[in-house]
Amino acid sequence: MSELFDFGQKILAKQNFSALLGAELTKFEPGEAELTLVIRDELKQQHGFAHGGVISYLADNSLGFVGGSVLTDVVTSEYKINYVRPAIGEKLIARASVLASGKRQAVCQSKIFVIDGNKEQLVAVAQGTLNKVD
Amino acid sequence: MSELFDFGQKILAKQNFSALLGAELTKFEPGEAELTLVIRDELKQQHGFAHGGVISYLADNSLGFVGGSVLTDVVTSEYKINYVRPAIGEKLIARASVLASGKRQAVCQSKIFVIDGNKEQLVAVAQGTLNKVD
Amino acid sequence: MSELFDFGQKILAKQNFSALLGAELTKFEPGEAELTLVIRDELKQQHGFAHGGVISYLADNSLGFVGGSVLTDVVTSEYKINYVRPAIGEKLIARASVLASGKRQAVCQSKIFVIDGNKEQLVAVAQGTLNKVD
Amino acid sequence: MSELFDFGQKILAKQNFSALLGAELTKFEPGEAELTLVIRDELKQQHGFAHGGVISYLADNSLGFVGGSVLTDVVTSEYKINYVRPAIGEKLIARASVLASGKRQAVCQSKIFVIDGNKEQLVAVAQGTLNKVD
């Protein structure tokens, strides 16, 4: 386990909301972050899919982590998310990467996938801005 | 209580994730929707503010409700959110309205405020697209 | 004519691209900016509507002006735009305002309208981030 | 020259605004579209960079083309764009691809690069929704 991954785990453990949802940091390297979440009934909406707010949480948090992997301490300034498919399955995985990064700002992308049996499908794509905190 | 508000309450009650977070529908009229959420410790991130994912949930869900108030059954196609201030306080209120609406699509806005004592401040602004479901 | 408006006019005059398109600054006050553009054939796309790129230009530039009205010298960091209706008519007007503003950043909105005879209709809505340049 | 590329050329030729700017379609395949534009003085802003509206035009139009490459006739519903670097150089290239595509909607990405001598650098990244027109 790398020092960065260890650092990421500690941050995630301090996020009560991430604990409430059950998110796990499954990858954390310079320029890459992955969060995994088991879809339990408490995370669903009225049609039985994972709630859009859960997908958004994964987008927001994976963007924050990947931005932090290159700029250390960041805040999410903004992001946009496109939902492309209902989230039906057992598990969600958000994979975030860096599109462009400067001294004070990183523009990052997160793709959120749902795992249903042995099928993995894209559920949403997000793009956003992370700003370094002094 | 209007029929629409009653309908909205029933939808919200069927969203397990909204129950987990403790969201309440505090206004629901044609073209306007308001969700209110008490900020408890479980909803916070590592700095003690309400987690961005909580704000995003409110944006996503209030946009869905306001879109539904004019188009009946909708899905959130996409939205963008700008965070403008850390969410420090007792309560969050998302107020969503319709910017433009056609037969099959509505473009809506949600402003999310934090209530801290008797002060109300803007925390985030979101803009998104809701598509009618047949 | 206010000093700010005079300043705005000078900036616009230095933008060759704005001259090519024929944009005029029709309002410029702290927190408000308006750009007006006559729709001539050169600005159209294949269906005879004003091209989306023209609408985008108005969004981008009116956001830059309104951000500059509160933060002096700014760069557009990002924005999103929703098109809500084809731009058919004689003239486009972009009206930009400030949603939230801090020391270094402003989050602004621009609504773009088309004037067709004596009818004015919303064509697009944009939301974006302007960052102060040192 | 493929039939699709020939079709794309004809569409671009009918866009007066694209002719005014001088855009060329340099690639057009199912799921990929590339527009190229020489940066002449008329396309600049007050600091001598290509105007944000020019970059936005390329984002908007390349998204429209790539959406059309998979869904035939489309309209741009919305997009967001992050500017990551001033556009200084001789030429701009927008490379658009499909992130997800269904029967009626495609979510696409466009990366806009500037060519300065033999250096190519990312200037902006856009993500948007294209809807099929019946």
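Note that the chains take the letters A, B, C and D in the order they are written out, and that residue 1 is the start of every chain.
One rule holds in what follows: a residue touches a chain if its C-beta (ideal position, glycine included) is under 8 Å from a C-beta of that chain, and two chains touch if they have at least 3 such contacts.
Note that the structure is a prediction, hence the values are computed from the model and not measured.
Q: Identify the chain pair with more contacting C-beta pairs: A-C or C-D.
A: Between C-D and A-C, contacts are more numerous in C-D.
Q: Averaging each chain's C-alpha atoms to get its centre, pick out the one most distant from subunit B.
A: That would be chain D.
Q: Could you state the distance in Å from the CA-based centre of subunit A to that of subunit D?
A: Distance between chain centres: 28 Å.
Q: Could you state the distance in Å from the CA-based centre of subunit A to that of subunit C?
A: About 34 Å, centre to centre.
Q: If you average the CA atoms of subunit C and of subunit D, how many Å lie between those two points?
A: 20
Q: Touching two or more other chains, which residues of subunit D qualify?
A: 77-78, 80, 82, 107, 129, in rising order.
Q: If we count contacts the way the header does, which residues on subunit A are in touch with subunit C in the complex?
A: Result: residues 77-78, 80, 105, 107, 129 of subunit A touch subunit C.
Q: Could you list, by residue number, the parts of subunit C that touch subunit D in their complex?
A: 11, 14-21, 41-46, 50-54, 56-61, 64, 75-83
Q: Per the contact definition, I'd like the list of subunit B residues that touch subunit C in the complex.
A: Answer in residue numbers: 80, 82, 84-85, 99-100, 102, 107, 109, 111, 122, 125, 127, 129.
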